[in-house]
Amino acid sequence: MNSPAGFQAAKPVLAIEGLTVSFDGFKAVNDLNLYVDRNEVHVVIGPNGAGKTTVLDLICGKTRATAGSIDFDGRELTKMREFDIVRAGVGRKFQNPSIYENLTVFENLEMSYPAGRKVFGALFFKRTQEVIERVEQVAQEIMLGDHLHRQADLLSHGQKQWLEIGMLLMQDPQLLMLDEPVAGMSVSERVATADLLNRISQGRSVLVIEHDMEFVKSIAHRVTVLHQGKVLAEGSMEAVQSNPKVIEVYLGH
Amino acid sequence: MEWLSEFGAIAAMQGFNGLSVFCVLLLMALGLAIIFGQMGVINMAHGEFLTIGAYTTFVVSSLTSSYAPAFGPYYFFLAIILSFFIAGAIGWLVEWAMISKLYQRPLDTLLATWGLSLVMQQGFRSIFGAREVSATLPDWLMGSWNPTEAIDIPRNGLFVMGLTLLLTALLFLMIYRSRWGLQVRATMQNRVMARSVGINTKRVDRMTFALGCGVAGVAGAAFTTIGSTGPTAGSLYIVDTFLVVVFGGASSLLGTIASAFSIAQAQSLLEFFTSGSMAKVFTLSAVVLILMLRPQGLFSAKVRK
Amino acid sequence: MKNAYESLLGGKHGAIGLALLAALILVVFPLALDAFRLNMVGKYLTYAFVAVGLVLCWGYGGILSLGQGIFFGLGGYCMAMFLKLEASDPESTKIQSTPGIPDFMDWNQITELPLFWEPFHSLSFTLIAVVAVPVLLALVIGIAMFKRRVGDVYFSIVTQAIALILTVLIIGQQGLTGGVNGITDLRTLKGWDIRTDEAKLILYFVSAVLLLGCILIARFIVASKLGRLLLAMRDKEERVRFSGYDVASFKIFVFCVGAAFAGIGGAMFTLQVGFMSPSFVGIVPSIEMVIFAAVGGRLSLLGAVYGALLVNFGKTYFSESFPELWLYLMGGLFIVVVMYFPNGLAGLWDSHGKRWLARLQRKPQVAAAPKPVAVAPSKRPTPELETTP
Amino acid sequence: MDSQPIRLLPRRLAVGAAALSLLAGSLFSHVASAEVNTTGLAVTDSEVTVGILHSATGTMAISETGSIQAERLAIEQINASGGVLGRQIKVIQEDGASDWPTFAEKARKLLVGDKVATVFGCWTSASRKAVLPVFEKENGLLYYPTFYEGLEQSKNVIYTGQEATQQILAGLDWVAKEKGAKTFYLLGSDYIWPRTSMKIARKHIENVLGGKVVGEEYYPLGNTQFGSLINKIKLRKPDVVFAAVVGGSNVAFYKQMKAAGVTADKQTLLTLSVTEDELLGIGGENMAGFYASMKYFQSLDNPNNAAFVEAFKAKYGKDAVIGDVTQAAYLGPWLWKAAVEKAGSFDIDKVVAASPGIELDTAPEGYVKVHDNHHLWSKTRIGEVQKDGQFKVVFESDLIEPNPFPEGYQ
């Protein structure tokens, strides 16, 4: 448990204010305020349909906000295109592992290497020593160092999740967003993933959506509970767990 | 004063023409809208299913005039019903043999059904000859209805219109009110879930496809009153039909109706004020431009994917 | 050097394949076929340009354009306009009421060369236009469609509609375009008579070399990171987008490359056949070109060439011998290929041919009577020819 | 006349070749092939090979089938009566497949590969334009049967259908005179033949007849919606609707005219594009009372035609119909035979040189004669559509000179 004490006063890296999105009148996210600090592992929990995934979609530009602002390190994300948001330093992992199954681990990671991102850059991209080193380094980090030349669809479910995290790490993002990173993992994989998150949160912020409370406890610096598109409670895991409103929402379901 | 009343008459007839083009487009598109909208399948042979209906009508008409001339005035109803079942049955077969194997690959369905349309065209040619044929229309379908001295409302136009309204209403009832429609919609929303609650999704697919083809057959039968019947007649309709469905947003019957309406009105007005060729170019260009600005079509709900 | 070998020739296997194709079209055909048949093959090769472009767009990019005829036609029309102007010098058109303009303009009471025809007096402008005009249109269509994330099927249908509109426009503006007859009776290129057998032979070789060049360019694209990104996009578009790539720009790029290839093919078509008409712009030729790519194998650049050759040979042969059966065969072929052999000839080669070849190398004595391979056609594609979209 | 063998032949006999074909055939049959064929065509002592080049498949097959049938019938009859210069005609038929480059390709095959002595073929102008450079370069000979827009005259083509002025002017004169027509609505499918025809019609109406064109428009090929057009016709009330709509559009147009109450008792309509073939698809009852301007109708009452119709039906069934183009296609082999026998040679140049002045008294349409410009002198008839799908001939012009480049009409 690394406590981020001492950084609390700094300006948050991500500041969501008054964020609203409505689908045909249904407000999936409603006047939401949420802040993620530097070097913080911030977990969002909430019952199904609370709008958790939608919040991630809004931050990374997959869904456009109806109103409100998302300030990331001084830049307004609601008006930016998806790939610009990524290039600004936001990485997003999807709920189901989204990797290129017919490429090798190496090629998967290389694909996310932040060079040759434009058409002609990609056309003339060369696999330099620098690229190879970076890929190997990230592969070590995500515990796939021995599987570099394995085709990705042969990996276990947990390894696929790690690979996707690794692909994000290749981009060296300021803010890493993970949607249910341990879903479908074994107990030992969960522990390893928690360690991984604690390692990689050094020097960057991580926003996680998760259901597994044990896992949340092991990684969260701060927890936000969403309910019907709004913040129901926020604070440390302990504080949130004892909050009567939260208990009611969870038990009420 | 006389000029004014004549102008009124022309305006009325032109208004009717717009409606009539609308009904033709809608009738062409209904079958496709069901198949494309509900199943996501692109049936490039849709035009040939129209042609099946047209040839069915021709055969019934010839048989009637040779064997049961007294039945002449009424054969058309029989032809429409037969067209529905014949086109539907062939559609059922096609779904079984081809489409059902391609559900995961929409673009491939498009190509395979194109191949099917070639085969069907040559089939028509082998059976009925390369020349166009003409079904003898019963007298009550010919000529026009004159509400006033100056206004001629074509009876076949009225007939197509009535048929379109009837068919659209029936389809609405089937899809949005019947148990079967519920199953179709459930299957389209979530195949796995539908299967797990006991819906035979294969059967639903097959019936939906057959229904779409059957509706195309009815349209083809109706079109013998206003157009030609030949082996390649179906290809005249196919692009217009697709544009109507795509422009409408593909997923809702309402969208198809609205899009058929707007395309028909635009076409009809432009034809009246410019000329046929230019009207076609303007209308198609406008549709493509709008599709570029609004690729999801005129009507489609904003949803979280 | 090694890099160029790997990326352009695709390693040993690719190099052999390319060499075989080059030998076939540069040596075998010219030696084996008479001038008449060779000219026909030359025409088929111009379709192969389009098919190669379709492999890039459709096989790799997952973009199925049903309007490649648009670009083939535009390239062809650019070339035809140049040739027509050369054929319409004041001397040979002196019986017209306005000498010096193309005959069809004269018939349509046009008394002055339209402005957009003027630049086509210049050969260098024309050669640029052959590529640039199709690419510009592809760029406009691509930006409009891909930036707004138009889905596959919509894209196919919209390209089809554009093909239709262009045909209607060309036919309608016959004073400017030659109408439904097209631009006909093309004779010379800078004074060189393109109708003679020698000229046709030279044009055949030009066409063949250009085609091989296009294949090399396509190879380079496919082997680059861009090629991998295309495949990745086809299967996991969201992932690519959220890895920081502007997905649309990659699609636009391959679409433009496909258009450029088609434009070159169209220009070579005009030169070899001697005319251009709206019947190559429309929906039917556009879909036929997809057939070529599908038969050859949508992921195989070389397969596209074989597909174009084979389907057209078949078309010529069967339509001569069994005109009644031809459409059944064509339609049936298309259904079967799409349904059961989505990787076309190239897929068959990979699953059967290579195995057969390997056996041949291992046990030459067996090769005398190779047993039919009693395995059902493998639907599982080989790794490098990964899967149907 | 640079070739000696011809001089050896009795010239007088050659001139009357058509009428005396039987006799001539037996006389010429003694001439060795080397003498009647100096350019290496496919001619043997007993056989001469010709080509037929039409669309048997594709969208144009509908129209071209009749031409193939007529050409084959004529060739069969010629063979039965002793052949050409004593040689039986052998046919190689190629399919243009409704595709213009295929036409050009097959034309090359016939001329270069098969060395045919002549080709009967093409239907659309587009296909003719595509094959024309091939025929000119390879020096072949084409007999082209369709009525067309004119503006063309090739040494290598004999046009057995009417060019536009022949078909149009007599028709317009007739409606102006008989129906007192002053105002005209011009309408056609959107391609070169209707557009050129309407241009000629407009000039004639405005400059010669002193009438007025109150509307002129074109619809894309394959268009099936004519409601707006019909309303415009009702609005402008022309004395005559002058139509050149083709293909599937034809059927739609006339069915919708009838349904909108624009029938012969209220509106005069003269068309250039409806023959008996098209009437099959339209249905005679949908067009009854309208007029068509053509050089031939199946119902023409003369002994030549009676024999022709009988032979045609005997070969192709009693329901077979014969349209204008079918008859013109039938003329091709006969005109070629006459020209070959007049020239005494199969050599293209000699046949071409012998062609002008060839007369055919046996033509189903009556009498035709080849003009110096390779088109035919012919009469134009006005036929009134009957319910049974036939035409009643209501007017017949004098013999009209073909004028493919009409002064003052361009």
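A, B, C and D label the chains in the order they appear, each numbered from 1.
Just so we're on the same page, a residue touches a chain if its C-beta (ideal position, glycine included) is under 8 Å from a C-beta of that chain, and two chains touch if they have at least 3 such contacts.
All values derive from a computational prediction rather than experimental measurement.
Annotation: B-C is the more contact-rich of the chain pairs C-D and B-C, by number of C-beta pairs in contact.
Put simply, the chain farthest from chain A by mean CA position is D.
For this pair, chain A with chain B, the centres built from the Cα atoms lie 48 Å apart. Centroids of chain C and chain D (each the mean of its C-alpha atoms) stand 37 Å apart. Taking each chain's centre as the average of its CA atoms, chain B and chain C sit 34 Å apart.
Note: centroid distance chain A to chain D, computed from Cα atoms, is 76 Å. Multi-chain contact residues, meaning those touching two or more other chains, do not occur anywhere in chain A.
Shared contact sites, meaning residues of chain B that touch two or more other chains, fall at 122, 125, 277, 280. Listed for chain D are residues 57, 190, 218, 220, each touching two or more other chains.
Across the complex, chain D meets chain C through its residues 56-57, 94-95, 97, 99-102, 104-105, 108-109, 112-113, 124-126, 129-130, 132-133, 137, 151, 190-192, 195-196, 199, 218, 220-221, 410.
In the complex of the two chains, the chain C residues touching chain D come out as 35-36, 39-40, 43, 97, 104, 106-109, 168, 171-172, 174, 179-182, 184-187, 195, 273-275, 277, 279, 316, 319-320, 323-324, 326-327. Of all residues in chain D, those touching chain B in their complex are 57, 59, 61-62, 65, 190, 217-220, 222-225, 227-232, 234-235, 247-252, 255-256, 258-263, 277-278, 280-283, 285-286. Of all residues in chain B, only 6, 10, 13-14, 16-17, 20-21, 24, 122, 125, 130-137, 142-144, 146, 152, 154-157, 223, 225-233, 236-237, 267-268, 271-272, 275-277, 279-280 touch chain D in the complex they form.
On the chain A side of its complex with chain C, the touching residues are 60, 62, 81-83, 86-87, 91-92, 94, 98-103, 107, 110-112, 114, 116-119, 122-126, 151, 167, 171.
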